[in-house]
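Every chain is named by a letter (A, B, C, D, E and F) in the order it is written, and numbering of its residues begins at 1.
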Amino acid sequence: MASIPWQERPAGCTDLVWRYEQNPIIPRDLLPTTNSIFNSAALRFGDGFAGVFRCDDRRREMRLHAGFSANGFDWRIDPEPIEWTLGDEGLEAPEYGYDPRVVWIDDRFWVTWCNGFHGPTIGLGYTHDFRQFTMVENALLPYNRNGVLFPRKIGGRFMMLSRPSDRGHTPFGDIFLSQSEDMFHWGRHRFVMKPEQPWESTKIGAGPIPIETSEGWLLIYHGVLTSCSGYVYHWGACLLDLDEPWKVIARGKTYLMSPQRLYEQVGDVPNVVFPCAALEEDGRLAIYYGGADTVTCLAFAYRDELVEWLRRT
Amino acid sequence: MASIPWQERPAGCTDLVWRYEQNPIIPRDLLPTTNSIFNSAALRFGDGFAGVFRCDDRRREMRLHAGFSANGFDWRIDPEPIEWTLGDEGLEAPEYGYDPRVVWIDDRFWVTWCNGFHGPTIGLGYTHDFRQFTMVENALLPYNRNGVLFPRKIGGRFMMLSRPSDRGHTPFGDIFLSQSEDMFHWGRHRFVMKPEQPWESTKIGAGPIPIETSEGWLLIYHGVLTSCSGYVYHWGACLLDLDEPWKVIARGKTYLMSPQRLYEQVGDVPNVVFPCAALEEDGRLAIYYGGADTVTCLAFAYRDELVEWLRRT
Amino acid sequence: MASIPWQERPAGCTDLVWRYEQNPIIPRDLLPTTNSIFNSAALRFGDGFAGVFRCDDRRREMRLHAGFSANGFDWRIDPEPIEWTLGDEGLEAPEYGYDPRVVWIDDRFWVTWCNGFHGPTIGLGYTHDFRQFTMVENALLPYNRNGVLFPRKIGGRFMMLSRPSDRGHTPFGDIFLSQSEDMFHWGRHRFVMKPEQPWESTKIGAGPIPIETSEGWLLIYHGVLTSCSGYVYHWGACLLDLDEPWKVIARGKTYLMSPQRLYEQVGDVPNVVFPCAALEEDGRLAIYYGGADTVTCLAFAYRDELVEWLRRT
Amino acid sequence: MASIPWQERPAGCTDLVWRYEQNPIIPRDLLPTTNSIFNSAALRFGDGFAGVFRCDDRRREMRLHAGFSANGFDWRIDPEPIEWTLGDEGLEAPEYGYDPRVVWIDDRFWVTWCNGFHGPTIGLGYTHDFRQFTMVENALLPYNRNGVLFPRKIGGRFMMLSRPSDRGHTPFGDIFLSQSEDMFHWGRHRFVMKPEQPWESTKIGAGPIPIETSEGWLLIYHGVLTSCSGYVYHWGACLLDLDEPWKVIARGKTYLMSPQRLYEQVGDVPNVVFPCAALEEDGRLAIYYGGADTVTCLAFAYRDELVEWLRRT
Amino acid sequence: MASIPWQERPAGCTDLVWRYEQNPIIPRDLLPTTNSIFNSAALRFGDGFAGVFRCDDRRREMRLHAGFSANGFDWRIDPEPIEWTLGDEGLEAPEYGYDPRVVWIDDRFWVTWCNGFHGPTIGLGYTHDFRQFTMVENALLPYNRNGVLFPRKIGGRFMMLSRPSDRGHTPFGDIFLSQSEDMFHWGRHRFVMKPEQPWESTKIGAGPIPIETSEGWLLIYHGVLTSCSGYVYHWGACLLDLDEPWKVIARGKTYLMSPQRLYEQVGDVPNVVFPCAALEEDGRLAIYYGGADTVTCLAFAYRDELVEWLRRT
Amino acid sequence: MASIPWQERPAGCTDLVWRYEQNPIIPRDLLPTTNSIFNSAALRFGDGFAGVFRCDDRRREMRLHAGFSANGFDWRIDPEPIEWTLGDEGLEAPEYGYDPRVVWIDDRFWVTWCNGFHGPTIGLGYTHDFRQFTMVENALLPYNRNGVLFPRKIGGRFMMLSRPSDRGHTPFGDIFLSQSEDMFHWGRHRFVMKPEQPWESTKIGAGPIPIETSEGWLLIYHGVLTSCSGYVYHWGACLLDLDEPWKVIARGKTYLMSPQRLYEQVGDVPNVVFPCAALEEDGRLAIYYGGADTVTCLAFAYRDELVEWLRRT
């Protein structure tokens, strides 16, 4: 089995999170039909890695594509968008799809994404092989974005984070948690947290699948500040209770990353860093994130350093 | 058992729906503490009638009160708001409550309302006697309004209509349907309908509990038009499929009622008629609706005339 | 030939314009299908009077209907909307029509109105008998409203006033003049005037067909002020140069009428008085105007008093 | 010396504040040139009463007029607006003036109002006789409204309440206090209070001159709620510390008055009650307030009942 | 006669349109007084090329300048703005001018531009030598932008595309066509097309003068998408019917160019590519476009490849 | 005493203002805790230079830090924010602070900044040594920004420029002047100027401390234009009357600097140049300005060239 992509912290760097030096790892035009490839989810698969990628085409339609990699750095992306088999009577095919997350639970890979269903909501589906994909019921009513599953049942229930939204470039957003016994019906909704710091003052949303640690669920999430030229996306982290994950145990006051490289500051949407996936191996973390809504990037961190930093705040 | 409130169609009137001549039946200051009483739900209870009433107090806080009546016209309203027993660990007490609907299903009265839970969503609770009220999980995530249950399970599932919203005076709104096997977890969301006619061009929302007829579920719903002085609320009707109630069989093109009386045109919010409950007896309908977000009113209709009118369109 | 409708100035009244005491002359539900009848144009026809009426139906669709009257007070309105014969290849039938004006020029009655053509613009058509109506080219590009023709050619050209707009409840608006030799092609656009006084500070628009006087064209026009509860419509007057009617000779500083009666203050759009037609006979004026976007009203004035008042300002 | 206007509480009424039965006391067209007369300040003067009145003329210009009354009910208003003598080099004459307050301090009557000075701010002037008026420096920078002086120096300083605003129909507003030793230079600004209850959730502003009681300064103030048809104005009360009047001792949770009469609900701005002056005599209060931004009204209360009510909250 | 500027498609490039490698061809400060030079029109003139250039000066005033070139790459721009001779009585000089297009018809060069005339509209003028310029009547009423003439009469009439607008950064926009027999009066307005794809979902507008081909008029046009940081401008193409050019025969689903180079992504308005002129020679096209509202750029294409691509969609 | 930082005008450059070639002089992460360092004030202190710096930390909190330099180019910034001693009873500690200006008057360094006090207003404090800082009364009521003191009393009074604002990204803004005899109470407010040119059409605000010249006070100020992607900040200059500094003697029509370098065009807020301080020595000016709300930069000019340029306009 391949090791996760990794590059050591540069000498002299004291940041908790550091960027891959060859960023971006996926250029906007890896496929001849793409306008941009970003905000995508990768994880271990077989001997290597697989993922679901947000590929905006040259109509600027937002589509999901499957992709594969031997080392997690270099990716081959299917030229055709995922075709969802509708697994349930009465389902409507997605009008569009973006910002996917993928997680293995029990016996299959579950995919959540922002699904076009008379407005944005949380689409839900699964795959065994990243070739055949089956879509089930939308998890939640419109208007919602950033649906993120926990990687196992907690107290006998599936758990999902999400951000209720409106239909446009929503100027607000708190994180909630919903619970389910069957992946089809969701309830027992709990409020998790709302913006507190300036860097996240407009809205927040869950990022990669939460990472289980002895201290709690490590959640990396994005936070948005509104400048007089539009939104600025950063990301930070918090710890959620292991058994009642709607309870915030610790939360970082500062961001972990903000747009500071040209590939994060310049692109289709300037000033965006947006994480969608995190791989872990021996306490090392590889975090996939989108840059400027245009390209796909990698950053690295040590899990225990993040947890320790959160516990100290 | 008392008959439902009723007044025959006035001579010369050809409208499908006509107003009670002594409207409003509940003045804004029936209680010494109320600013207004409107958008309320009534139904049969014991020998007479009971209901849940939206009473805005003189802080303009929105509260739900229980009320009782022998004849459906004259109401006695509890001076204190409903105190919800929280029936589930982790529940938060409502920040506010408004626009309730009530329905008997199986063994108890279920109440839905617009519940303040970090933003508006659909609160859910039950009562056996309109004295003790138990709140269970919010049915849906924020931000949502106008949650309306069907009066029985369909295909083995509870069914609820609702309107996803934003956090303010939402300028859009379609009706969706959600399903549940246990009243706690909701899923299998279906799109029902969106605004089509000018009188409803801004948003629509379900009104009273749907009425079962041989032709389908008779749904009275409100529709909003935006004038250059704000929103104007009307109401109309449609027929939904008996077994798959997210399918619209027939839908009226015109409104059934628009604000045309002084008590509907003048008040805390001018130009509002907003129906929340409908009683049926021998094909006669008594419809409770709010006037100008200030008072409670009654209107009457014949069920079969409405169904016939819908089938012709 | 019938005299124009008239009622003398009430004793003690010193206003330049006074209302008909039996206002409104047309109730909102004169037809069983109408929600409201207002902002309509009347003029002499045969022995009596005819007109084009804005009738919003109970879908709240905006439609134009023809109507007839023997005395100008009591009106019979066709139950069916005007069906336009398309007089030109390539024309599209109106999506909707509202706020008509009608004028006799040379050999026929010309009708202008706010026409739905991928947005609002100035529809143009004619009739000889108020039975058959022919639509010709839209006079102007979208987005425009309040197109008003002069009652004769000036300097060999037809002349039309209009207000360029946006597509919604436009928050701005000046009056311009356009010229044509053939009623089909319009150009030589001239700026006429913009809001100056507080009562008209949001936007202004031409009202009835201008009235020729020895001192200039007497133009009655509406002006809109934005309150914290929406738009308030008033009307005032000005004098335009007889030969170069884009030049304003005199303009009243105060409004002539503001919404002060219940039928102007309460209705589908509170606080609207909107004039669309003026009849003249022996220096007496009968002015038709809409009240609260709901009903049709009459007001009266003496032409020479208005002109004298304008010349003094 | 005349008694203040008074009418006893109607039998059966339990409200703390009750309306004058012959409201409105000043109609909109008391002067032939006025569109409306409202939001005005009255106080004792000589044997009777004098005041400064907001008179919007028929251009909808906002002007201040002086007025006189023998009994406080029946008013004679100067047909001409106040002409301000500019008492200071460099002053600009008001572009407009509205919502005045008047108070006797030491040796003269001081007037504050919303003054047009490149945007709205607090104009300041004085008179000895309500014939000659002298304007001094604007008390504060734009953009500000609702400047209200205390009726005496406190701790050797003049004190003024105000509400910082923006330039339009400001959607926010807290009350602040500023201090001065000379009426020309203001500083030592203190925050007083912000909206707390739903009826005042959009903004609040000081009303009449504060009334000194043994328990503190009794301040009547207005509070605004935003409905989907615009702003709704109510008024309530609080107690401020006698020596440090930026400290709130007690504050009513409910409004004392909301728009519930036709002359408050219908007019140029529907749903407004706006108090600007309060007279006191032997513990009885006569409160002048504007209705619907159109007419002037009176309400009554007992001072000690209000204070007692505030102390209980 | 000089050949049009041209650079072959780079090896390995499969795009239909490719950029000039030395872009930008005109820097922002070619003149000492300019802030930026962009969105400009060039065409053959004499032995070489001439054009009308949008030069924003360092007041950020938008001005038109004439310019000349021997090879189409290297330009000399007049340091003074064009001075328009007013060719018609009653004309007003432009308040400002921007985004010009130029075309030879019959006997002269016609210039259209966005002209400041109490708001933006389509200015019209002509020149024989790019030294003397004569302005005639504005072609259309305000508010309009992107007026583009066809290069010859069609069916005996001049034809112009335009986009009706509002007065600011208009958030909507469809393309219309207007017709004229004399260049002074315009009518027979036709709807052409509206936004369909995501990349153009906010608004569209005609770009260079349409290019006649055997398959129809080849129209390059810009399309705008609204991101959470503002507008993003792309360009695409369509084919219009040769004889009835308001009929769309074929239309590309994807954009042909989006902002992907630093000189398109960074500048006074990030993320803009805006084409205003296209030269053709032997089936090769040289397209002049603005980058980031700051500089002038060149791109190339083969006419028949574009037509073939459009026919296939 | 050290000379001010200086670099001669590059050969061939004809601009009145030129940039330092090694810009930016302070990177965004000079401190390990900073997100950005910009919009800061520097001046002579002892043998070298001191200043107050806007340092946004990685929570994106806006804080003020002191800093020191031997040569004006290379800065050492205190890692901890300034801790204000509250010099007056009743003062509240700043919620945040940004965009400082510093000036020596009489016997101490006075600091003004945008202070968080229930919204933004002008904070005021002083220091003798840039180690101990004392805060006094806020100079003005909220909502205000860009408070700039003159470097000496004029006519016996302290003078301050400021820009009244609202609470967000204010879309308007004129410059006013306020006067004081004691630095505590401010009055005699004068209107100074409003936006006139396109580059400043949204709002303007004073920049560095005004520089006294024989011709008047030289004021460098920023001006903002709203593009379809947000605000663009430029700076220009004007001359104010020496004795009555609210009178504008001369004002440049063009900007002196606009964002044209990557470090001004790309960063947390693209397209910002924002000057806060200017040092003078023998007619040479060193101007400190912020770039892209991210870094600190230097530009240079000759005082007399600026004055001469202003006098010619």
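The rule is short, and it goes like this: a residue touches a chain if its C-beta (ideal position, glycine included) is under 8 Å from a C-beta of that chain, and two chains touch if they have at least 3 such contacts.
Here the structure is a predicted model, which means the values were calculated and not measured.
The minimal number of chain-to-chain contact steps leading from chain A to chain D is 2. Listed here as common contacts of chain C and chain D: B.
Using the contact threshold fixed earlier, the set of chains in contact with both chain A and chain F is E. Computed from the mean C-alpha positions, the centre of chain D lies at a distance of 39 Å from the centre of chain F.
For chain F, residues touching at least two other chains, in rising order: 229-230, 266, 270-271. Listed by chain label, the pairs that touch are A-B, A-E, A-F, B-C, B-D, C-D, C-E, D-F, E-F. Chain contact summary for the complex, chain A toward chain F: residues 14, 197-199, 201, 225-230, 232, 234, 253-255, 258-260, 262, 265-266, 270-271.
Those residues of chain D that touch chain C in the complex are listed here as 28, 32-33, 35, 57-62, 169, 229-231, 266-271, 293. Note for the complex: chain E touches chain C at residues 88, 90, 92, 117-119, 121, 137-144, 162, 164, 166-167, 170, 172, 174, 176, 178-182, 184-191, 194, 244, 246.
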